[in-house]
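Shared chain: chain A. Partners: chain B in the first complex, chain C in the second.
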Partner chain A sequence: MPLFRSEEMTLCQLFLQSEAAYACVAELGELGLAQFRDLNPDVSAFQRKFVNEVRRCDEMERKLRYLEKEIKRDDIPILDTGENPEAPQPREMIDLEAAFEKLENELREVNQNSEALKKNFLELTELKHILRKTQTFFDERESLMETESMTRALIPEDVTSRQVVAPHNLGFVAGVILRERLPAFERMLWRACRGNVFLRQAEIDAALEDPVTGDQVYKSVFIIFFQGDQLKTRVKKICEGFRATLYPCPETPAERREMAIGVMTRIEDLNTVLGQTQDHRHRVLVAAAKNIKNWFVKVRKIKSIYHTLNLFNLDVTQKCLIAECWIPVTDMETIQMSLRRGTERSGSSVPPILNRMMTREVPPTYNRTNKFTAGFQNLVDAYGVATYREVNPASFTIVSFPFLFSMMFGDAGHGLLMTLFALWMVIKEKPLAAKKIQSEIWVICFAGRYIMLLMGVFSIYAGFIYNDVFSKGVNIFGSGYKVNLTDEELKHHHSAMLVPDEANGHYRQTPYPFGVDPIWMMAENKIPYLNAYKMKISIIFGVVHMGFGVILGIWNHRYFGRSMNILVEFIPQIIFLVFLFGYLCILMFIKWTKYYAGAEDQTLTPGCAPSILITFIGMVLFKYDTVPLDGCDNYMYPGQVTLQKVMIIVAVLVVPILLFGKPILFKIEMNKSKNHAALHNQNGTAEGEDVEVAGVPQTDGHEGGDEPHEFSDVMIHQAIHTIEYVLGSVSHTASYLRLWALSLAHSQLSEVLWLMVLRKGLMFQDWYGGVLLYFIFAAWAALTVSILVLMEGLSAFLHTLRLHWVEFQSKFYAGAGYLFVPFSFENIMEVQPGEE
Partner chain B sequence: MGASAIPIIVVTAFWFVVGAILPWFVPKGPNRGVTQTVLVMTACSCWLFWLCCYLMQMNPLIGPEMSNHTLLVMKQEWGSSWKA
Partner chain C sequence: MTIGITPSLTSSYTDCLLICLSVLLQEKMPFCGPKCSLCCTIVSIWGIVQLVLMGVFFYTHSVALAEDLTLKEHYDDLNEFYKDVNASYEQNAYNCWIAAFIYLVTLCVSVHQFWLNNRVSYQV
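After this line comes the complex of A and B, so read on.
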């Protein structure tokens, strides 16, 4: 049966002809069933045979990434058809390289051109603004000169003659500077030129695009008037320092107008050219976007093939490559076929050779899973990968995990919500998987969709057993209780208990057919009653689960040829578990069936029902002298004392067998092999054995796995195991009480939500009650989903996981294997997008 | 003290069919073993779960304690007394 044990693996040697190697590895990659070993572990990555090809692939990937970045920058959608192109032949690689090179060069050229064009465009725009704004400055200067001429008449001749000279020799520079820099610029000018320069500035309203970064920046036009050459150089230097761009501005208005017209035409031309460049770039990118996913897949496949080829060994004749791989035995035929296909495709004549090799190394653990079982296998592997060929708990986890979860989650309403969500994920599997959503929480949730579906379905069942639907009970079959009290009696007492004995007539004398009677949901003593029930079933299911784990150990012992272990490990373990905790469960069943309200026999009335816990403690402590209550019997069945004493003694006696059994067997075997060797020596056979068998083979680690070879090792190992088992059985049994604890917490939380939120909403009268209820329901629903389904669900999931990993698996699971990681294109493609 | 025959028979028969009859009819294929395991384990655990609940209520030691308001409403809605 698949999944009961991991698959049988064999180490194979593969001889491939050099020409065929590439194609064969490509075929094996598509198949995904072979794990290659590195035959050159001490060779560095740079010294391997195919390092050049890997480098070329890296180059191609870099070009593709550049292309992808450009495509994303322009917001062009990348087409993902989900198709899986085959790995291209080596000769195709050159074509691909050339294509990528051409695309990259074209793009780079286009980008450069557009950058230069944009720079030009910027300069022309700035010039345009300057020509417009400076018109006002010059007008002001004219008026300044006029005012000068007006004052001339008022001032005496000799004074003005000196002043007239000044305005005519005013030089100026015009330029553009970032607005933020303007105040500092002005201050610097003032200080450096001692206030002898005159600055006018005006803001450019429109934002301009910086060609390099593509940002929008705000700039201002300025014009500086100064006299003399020294000031001119100083001004120019300061402009350079503040990275203001200076433009030649003609003096006369006529020239300026001409220049303005010329600038406008040039700007228009530039715009057209810029538009065309962008169009061209867009077209190139759109064409590339169609194929880019395909190319990525192809390049990755080539690269992975060459990485794998690097693991191979080149044989002496340099003609063929030798590979070592682990493959599942059942798939040898399939692999042979794909190898033959690969050889045919490459056109080589020599068929590849696949040889099985005998080895003592431990093979990897391979469990063949489908999309349903994969989730459960992952849960098991997360704790530890199964040792090669040991019993795999995954197939049992498929049911036990959701079942134990449902015992803790037990609410049919919340279970329904969970089931619907999981059902949606399962039905819409393919489209959801194709979306490749990157959120990690979603990925985990989606991967566990089948687990969630089962958890939900079992929770609905548990919800009906516990009779809990969104914290309300449902009365499907009619309650077993009716009220047999007169109205007078009811009025006198604040509350009453409907004692279920036959005389009173409250109870039908047969229980509610399926699940907990709905009357308990309304009872004030619901919690003590349900507690007793839930604690008992937690222990019962705990003991069953653990017992199952111990029993699974039998198959491990038999498979690994340790049949004696069944006698010295399994039997003591199961006796200990059953005689102590199995008996505890039996006591529970006895109490359930024997004692009842209204019993004629006084000893069977509820007042005399013994506490199971006290009975158990008394049993372990050998305390049998307690005085029974009046009319009661201390014991539940005749012969109880003797039986209990016998069981405790046997259970205690079984512990030394568990402790010493295996080491003693080991010692016996050791002695046997020593005698065997001595016999051989006497007969004078091969001396080689002398050295090996004389004592105990100490350092040889190849003898069938990881069995210790010293008596002290075995003894210590077994002592640890015994202590773990004995102490563990007590603590693990108690640990299963979390099934009760979480179920109680869940039902209480959901009850609180009902009492405090939804019930209050339903109690409003009048029309506004409806409006309020609308909002209150929203709050109740949000809290239900977030706290009760999500948080409690996660919590119960975690506890179930712990119960499986620790309490169940410690009874039989070794988990010391390593995972089978085949060379598979599927796996590689899945991993890469996440890494990017 | 009582256990009504019908619910026991119905539920036990249902889970018996699921756990002991259906596995024989699982179609041959790579997943046969897993499906059989799932069916058997589901049947066993669900039946045991139901059984414990039934046994627990079969011979109750205490009864529900409720406020007299609830009891009055119950008397009205569900009728009083099992005795004729």
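After this line comes the complex of A and C, so read on.
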């Protein structure tokens, strides 16, 4: 049976020839059925055998990431065909490395070149602007010069000093500065040069591109006139400080014109070169984008193979690698075949050796699941991975989970919505999986699509049983009730009681064939009636679920060789459960069938039916002296008092058996083995005897090796287990009442939504009622989906999960195993994109 | 006077409506994004199915929907009560069908928007 227990695993030793090792591991990676153990746990990552190869892979990944960044920067779409290339051979790795190196160098060169070109371009553009703008400045200077020569004659005192100074000694520097810095620049100049310099500036209208950052910045042209060398150095220093770029500007207009023409031609040339550089870069990146996903996959596969090879041990002869791995026993043949394939591909002659090892270690738990069962297995594993070879609750969860969910969610309309959504996800599962949507909520939702589909289908069924479709009942078969009242009675009474006995004629004497009679939706006492029904079936299903859990323990006891446990654990447990809570369920069935309206014997009328809860409390407290109501009987069947007394006494008596049974057995076995050992020692030695003597005290007849070996441990463990079971059976049984509570909450919420929202749309009797209904329906639909389907669905899901994890699994499940994590390329590929 | 004015008013109103519709249908840019149009499509389909069914159930005087009728608090005459009940059932049925029809229009518009959205994304 596939999912009943986890697979049988065996520890194997694998001898691989060094040449064949890589190819064999690649084959095993594709297969994904072997979990390798780390044979060098003390060795650090830098001392392992294949650390160089791993480093090379890391380097390749770095180059690929750089390439990817550049491709994304240029907005080139990366093709993802979803193909799965094979792990390349080691010699291919060198080719890949060379290719990546070439690509990276080319890109870096192109980037550097284009940066230098852009800088050049910027300088030339600034020079162009300067040449244009400075024309006006020089014109002004000319006029200034003239005024100076005119004033010179008027100042006779400084004639001598003036004569030394030539009119054209007014030096200047021209440059470009960011617009924001200009006011501060001007102020600084004024202060530093004591007002002896003359600044003129003009804004550059076009924005220039900064070569480093690529931003568009606004700059201004400035020209500073000064006299003397000292001022020149000062001005130059201030320009450096404000990071203004200075350009050599010729004095005469003719020279300036020539320079301008030269600059224009150079700018045009640069433009063409820049364009060509960008084109080249684009072409390189487009070519790379086609293969980059492929390369990523290949490099990851290589890296993972070398990581795995690092876990192996090198043989003494240095010729072959030894590996230890866990593999499922049924897959030995497949693994042998893939190993043979790997050796053939690597061209090695020596076949790999795979032999089983006997070990006392606990193997990992491996459940072979398909896309349908994987979801349910995940639900079970989330609480605790099953102990090796223990009964796997997942296979039963496939049915019990949606069923218990539907009991809490029971509305056919909401179930239909859930089913349709899940159906869409299931039908479109391949395209949706290929989209690789990263939203976590979607990933969880999509992974549980089969669970959701089953939950929806079961909810539709439960909706028909509860007769609840968006809070309205459907009358498919014709109600069992009919109103047998005269017009006079209808006129004068506000409400009427329809008693279903034969005399009154309100009931057709045949029940509604399937589900709750639709008349109950119109009844005032709908809730008390449904409460009684739902509470009882919750308890019944709860006891059945828990009883099933206890029964599943039998298979665990038998498999692990603890057959005596069946006597001292299973029998007391089941007796306790059945005699107390099973009896409670029997009482419910008796009450349902025995009492009916219109019975001739008054003790059988519904008014006389005794309360089951009171009966149960009386049974436990041995209280049988309550006075019954008039004409009624406290007991449902003859001999009830004696039977109840016997049952409670037996149930109480099995508790000490549960408590002491196992420890006593343990003690007996310990004494027996001690006697055995003593006996063997007395009879002298024989071959293999030492082994036997050494072996016997260790084995307590238990496999797995995690059983306590001391009497006190066993006693404490059993005491805890007993208390847990006894108290748990009461609390867990009551816990199943949440099936009733949530279903009541759901039906009331949906009723309120109809009453308060949709009915408002139906209140208007004119034609505009239709238009209003259009808007109100949209609101009602939105609230239904968000509150009733999503919120209630999530809530019911959680409660069902809790019922499974705590109430059901505590009866038989140990959950102390660890998961089988095989070396599989599929798993690695799935994990990595998420990390990036 | 009023009789004379209202026909012209209504005719100008319908003209306005026709102009709006034609502009809308010729509109190449969708006013509703892909998510909005998908949502509207789904709600419209649900609305049509549920409202048609509800209309049918109201029309056939189903008892389950009796609490959704608009009735007076107290009736003295039984015939008056029956008359009110029948009228209310029929009016509710019509209202449901009117709303279903408006949802049909919404469905057409949102499917058109959805198609436009998909078409726009194909053109690079």
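Everything below uses one rule, namely that the second predicted complex is superposed on the first by the 695 of 836 C-alpha atoms of A that agree within 3 Å, B and C clash if a C-alpha of one lies under 4 Å from a C-alpha of the other, contacts with A are read in each partner's own complex, and residues count from 1 in each chain.
Assume a contact is a pair of C-beta atoms (placed from the backbone, for glycine too) under 8 Å apart; a residue touches a chain by one contact, two chains touch by 3 or more.
Keep in mind that this is a model prediction, so the values were computed, not measured.
In the superposition on chain A, A:Phe4 contacts chain B only, with no contact to chain C. Once the two complexes are overlaid on the shared chain, A:Lys491 sits against chain B and chain C alike. Ranking chain B and chain C by residues of chain A touched puts B first.
After overlaying the two complexes on the shared chain, residue contacts for A:Phe514 are found with chain B alone; chain C is out of touch.
Contacts of A:Ile353 after superposition on the shared chain: neither chain B nor chain C is touched. Within the superposed three-chain model, A:Met522 lies in touch with chain B and with chain C [touch as defined at top]. Of the two partner chains placed by the overlay, only chain B lies in contact with A:Val399; chain C stays clear of it.
With both structures placed on the common chain, the touch criterion links A:Val51 to neither chain B nor chain C.
In the superposition on chain A, contact is made by A:Trp592 with chain B only, not with chain C. Residue contacts after overlaying the shared chain place A:Ala781 against chain C, while chain B stays out of touching range.
Overlap of the chain B and chain C interfaces on chain A: residues 487, 490-491, 522.
By the touch rule above, chain C contacts chain A in their complex via residues 43, 46-47, 50-51, 62-68, 70, 78, 87-88, 91-92, 94-99, 101-103. Listing the residues of chain A that touch chain C in their complex gives 472-475, 487, 490-491, 518, 521-522, 759, 761-765, 767, 769-771, 773-774, 777-778, 781-782. Looking at the complex, you find that chain B touches chain A at residues 1-4, 6-7, 10-11, 30-34, 37-38, 41-42, 45-46, 48-50, 52-68, 70-72, 74-75, 78-83. Against chain B, in their complex, chain A makes its touches with residues 1-4, 368, 370, 373, 395-396, 398-400, 403, 407, 461-462, 465, 479-485, 487, 490-491, 493-500, 505-517, 519-520, 522-526, 529, 533, 536-537, 540-541, 544, 589, 592-597, 599, 606, 609.
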